[in-house]
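Okay, so chain A shows up in both of these, paired with chain B first and chain C after.
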Partner chain A sequence: MTIVTNRTFLSEKAGRAITAIVVSLVLWEIGSRSRTWLGVAIPGISAAPPPSAVVIAFLGVVFEISYWYSWYLSSLRVFGGFLIAMLLGIPLGIMLAMNRTFNGIVFPVFEVLRPIPPLAWVPLAIIFWPTQGLSIGFVTFLGAFFTIVINVLDGARSIDGRFYSAAQSMGASRWQVFRRVILPATIPSISVGAVVGMGITWEVVVAAEMISGSGSSMGRAGGGLGFFIWSSYLGGSYEQIIVGMISIGVAGYLCSSGIRMLSEASTPWLKRR
Partner chain B sequence: MKPNQSEKSGSTELASRVGGEIVAQDVSKSYEVDGERRLVIHGCSLTVERGKLTVMIGPSGCGKSTLIRLLAGFEKPSGGAVLVNGKEARSPNGDCLVVFQETALFDWMTARDNVFFGPRVRGTFDKAMLYKANALLAYVGLEQFQEKYPPQLSGGMQRRAELARAMINDPDVMVLDEPFRGLDAMTKKLMQEYYARIFDETRRTTLFITTDIDEAIFLADRILIMSNMPMRVRASIDVTLPRPRRLIDVFESDAGNTIKMQALTILHDEAMKSFSQGSAAATDFMNAYSSRVSRTQPGGN
Partner chain C sequence: MSGAVSSDRLREAGTAAILAELAPLSLLSAEVRSRLTERARLEDVPPGQSLFDAGQPAHTLCAVIEGTLDVEVPSRGPAPAIIVTLGPGDFFGFECLLPSPSWRASRARAITNARILSLDGDDVNAALLLAEPPARADLAKEGTVSRRLFDALNDDQAAMSAGSAGAPNRRTAIQHSVNKLGNALTSPRLYLALIGFAIFFGLWQLSVDTLRLPRFKELPTLVAVVREWFSTNPDYGLSIFVGEYYSHILISLERVGLAFFLATMLGVPLGLSLGWSKKFREYIFPLFEILRPVPILAWVPLAIVMLPSDESAVIFLTFIAAFFATTLNTMLGVQSIDTSYIRAAYCLGASHKQVFRHVVVPGALPFIFTGLQIAVGIAWFSLVAAEMVSGQFGLGYVINTAYTKIQYPVIVIGMVTLGFVGYTTSALVRYVGRRLMAWRERELALSGVH
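And then the complex of A and B:
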């Protein structure tokens, strides 16, 4: 009974979603063709290419290796930056939460650096790092890093003191308290930090690629999805701008779902019975 | 004798150690709060006797939890000494284990892994321990639920898992800090009867902290009534009702009600004192007191 209700609900939800997407596509098509179809140009949207043209542009690039190479480059920078941010951010967050002296020394520096937008680092990153890919990777790393550290720090700090006392009185060593209490108790906040951090890395990578431009021999589409959009703009191919935008949307969505699945799998105790 | 015992064999094995005793000698503890020295415990002497269930009762916020931290060796007293089996209390030690208010089960471990925790971190986890863990889980009725995580268990199951997690470590003394607080009235009664049975079968030295006078009389061999802050033992009452007890027997019997009146009179004084000092916690006790008196008066309904 419950399952049937559930299924009806799901299909209802899916139906609504599909209807909403179809209606907006139709409105978009009408809007961008308003000059010829309605005789009046609707401001803004009439300058945008219609979805049908975007589909055609997509079919044009989908078989081009350079388009997929843009995907590859952006993903590489996102994952590289993100993974390093996780590897450094999780231990740093936990240490900031656990060690008062360490916190007293490191946290002020951290708090001064944190409000600097990752994109403000782009010029310095280009000077710092030998290749363009590394500089962009560094900027995406910064985007995720601060968010992850702050989330882990808050999570580790809010662990109930009774857990420590209980573990300690049952004979757990400091390392075991860390490994079996602090780390698992922090996983939910690590997941939150990861989901938010992943979103930021996609924002940052695109902007950084636009600013720094292509340094690759692959030509127009060799600088990642951000540069793909920017060069489409420079080349006057407005349909391709939209293709690039949607590509990033899809990429971000895939990454976030992936992380959500991973975090759900690693926190089985948060599942309803 | 043997064949009848076989069904209970799990529990008799669990009663392998009757355990030790805790002696507190003239203990005091003070904290610095906002630059002011605050005396929480002063001149507190008590004995948690071997193989006995000692219940400590006192107005909430009177310093009981602080005393527990001293008894379990998490903190050192400012004055006096706490001796567990004649040695100074130190943590971690296998001698004295605390089961905390509400629950301190690890959410991220299944009920079973929670029970395994102690042996695992001490590196004493072997086949015999596995057998014992399974016996304990069955003993507290969680055999079917051992793969569940604490948030997926009911309140009563969580407390039983918590008891099993402490019992597997075979501590000489168990300290239960208001273990049934926060349970609904029905579950609480069931857990009290259930716990009384565990104690009768294992006879492990226990200090049980509560704010519920009925719970205290039902469980205790001896009740320690604590004074308000700075805390010390205000009175000690021996409860000589025969074991095993049933809730209904205790409160139908004259002996039970005499103890209750005696305890309530002292508690009332303490509650009154803290009430006049403006403690909100005292109101609970005033309420509890008045309702009990009207219920326990002869001829009253």
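And then the complex of A and C:
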């Protein structure tokens, strides 16, 4: 019985979702073809390519190597920046939480730099780093870095002080306190920071590729999905813009769910029973 | 105290005897107790009369000596809701122990002829600090509320300093800020921060200017940035003395403000209805989930194509970033509300509209403000990108043009200004949120989460 009711419930929900998606796709199609079909151009949406044209453009592009190369380049930058941000951000966050003097010296500078949007760093990054790929990677790193540090710091700070005292009074060494108390307690906030940071890296990589791509005439060499969108825009193939947007959406979604799964696997004690 | 019918100041011996007998107070030393008696009062309250009402200023901690009392809060029904019925030996009226000014949260009404002992709240606070820990713990056991209050008091360094027992010690706001300033000057934090900035600026100067390390020497020097920024006649035309600088800031602020306003106006109602109506959520939320993973900045070209002007494209991008954050957090806020509140409201006869207005909206408010705070941050983030790609004026535009014109110091000026303006706006949103949700802060403090 329960299985049957469960299934009908699910299908009702799925039905509603599908209805909504189909209806909006149809509206989009009609809207963007309104000039030819209705004789009246609906402002805004009539400038956008219809979904059917997007599908055709996608089929055209999906067999091109340059499209997949853009995927590869963007992912490389995202993962490079993200991994370095994790490698530097987690120890820094924990040190900021554990050592008061270090916190007093570093944290104010950190707090002054943090509100600067990562993309405002793009020009300086381009000036500083020898290649465009490195400068985009650096900006991506910055995007994730601040979020991760703040999350780790908050997580390590919110540990109940009695846990330290208990561990220390039972004779734990500094390393054991770190390994058995601080690290497990901060993993949840590390993974929250990682999920948020991953989202930001995709945001940043797209923008950095667009900004640096539009600033120079390096052609495909700049590469990446952000540049794919930008060059589609410059080339006037608006369908491809949407193909690029969807690709980045999919890529970002895959990365975020991957990290979420990893973090769930690393914190089995948080699983809801 | 307005409800007190007969209140006579007892001779010290009489009150002292009562205090010595009352359970937790008997643990206090005689010396501390005698201080308490100085301003203790005994009052008789006839049945039906109230000792105090909700909303009155709270100055006294009360104990029942004889008779019974009800503690009530007003309710929508014909009769007030009774929280607890107190008998001889019970303490109540702990609000007076909160930092003043504090108010009564409930009404205390006599059921039978009641004799009440009132102690001055400041005296009790002072006595608690002098008391031996067991006495403190025993007093704390008197009620869960009082225990939390005592915990809060123990943490409160300021209360510690109010050691001069007997005399009321209410610190003025000026004293408070003088104290704070003194603390800031004597604590090592300030000096550590100065060391931190000195190291940061020193490294900048050393690597870029003095040593001219490879790669670093391309960057603008600290001296060049500062000189440009504070020059009355800047080389590249942008400093704090130039009107154009402020017009760029203003334009960026205007864009963020407009986008943020639109996002709040549309996102909050949408989020509330997404959280409130299951049907609506099941139709609309999937669309939302499909659009959400697409980075805001990937919308840039499409926005330029679809919208009539670059200006509206920039505002649209800023708006859409803030909109997603606001809507999603509002929805989560509605869903986070304990369903028993909603059921309780329905059971008490509330209409749909009343539940929405009095349960759902206030319940979601903390999440809404979290969302708005995130939204401001994201709005600045996208504004900069949008201005850099397709903007006329604004701080992102300043940074980008400074780069293409090789006016490198201006890049740093733009970045620092952006950081400052962005920080100020989010601080503003946080401040408004705190003001609007003072009730929640109080709740957190009482539940001990804070």
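Following the convention adopted for this analysis, the second predicted complex is superposed on the first by the 251 of 273 C-alpha atoms of A that agree within 3 Å, B and C clash if a C-alpha of one lies under 4 Å from a C-alpha of the other, contacts with A are read in each partner's own complex, and residues count from 1 in each chain.
As a convention for this text, a contact is a pair of C-beta atoms (placed from the backbone, for glycine too) under 8 Å apart; a residue touches a chain by one contact, two chains touch by 3 or more.
Everything numeric in this text was worked out from a predicted model, so none of it was measured.
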item: Which of chain B and chain C A:Leu113 touches, first, second, both or neither; value: second
item: Residue contacts on chain A - larger count, chain B or chain C; value: C
item: Contacts of A:Leu73 with chain B and chain C, given as first, second, both or neither; value: neither
item: First (chain B), second (chain C), both or neither touched by A:Ile90; value: neither
item: Partner chain(s) touched by A:Val122 [first = chain B, second = chain C, both, neither]; value: second
item: Partner chain B, residues of chain A touching it in the complex; value: 160, 162-163, 165-173, 176, 180-181, 184-185, 187, 267-270, 272-273
item: Of chain C, residues touching chain A in the complex; value: 188-189, 192-193, 195-197, 199-200, 215-216, 218-219, 279, 282-287, 290-291, 293-302, 304-308, 380-381, 384-385, 388-389, 395-396, 399-400, 402-404, 408, 411-412, 414-416, 418-420, 422-423, 426
item: Touch list for chain B against partner chain A, complex; value: 69, 72, 74, 91-92, 94, 96-98, 100-101, 104, 106-109, 117-118, 121-122, 148-152, 165, 169
item: Partner chain C, residues of chain A touching it in the complex; value: 12-13, 16-17, 19-21, 24, 43-45, 47-48, 101, 104-109, 112-124, 126-130, 202-203, 206-207, 210-211, 214-215, 226, 229-230, 232-233, 238, 241-242, 244-246, 248-250, 252-253, 256
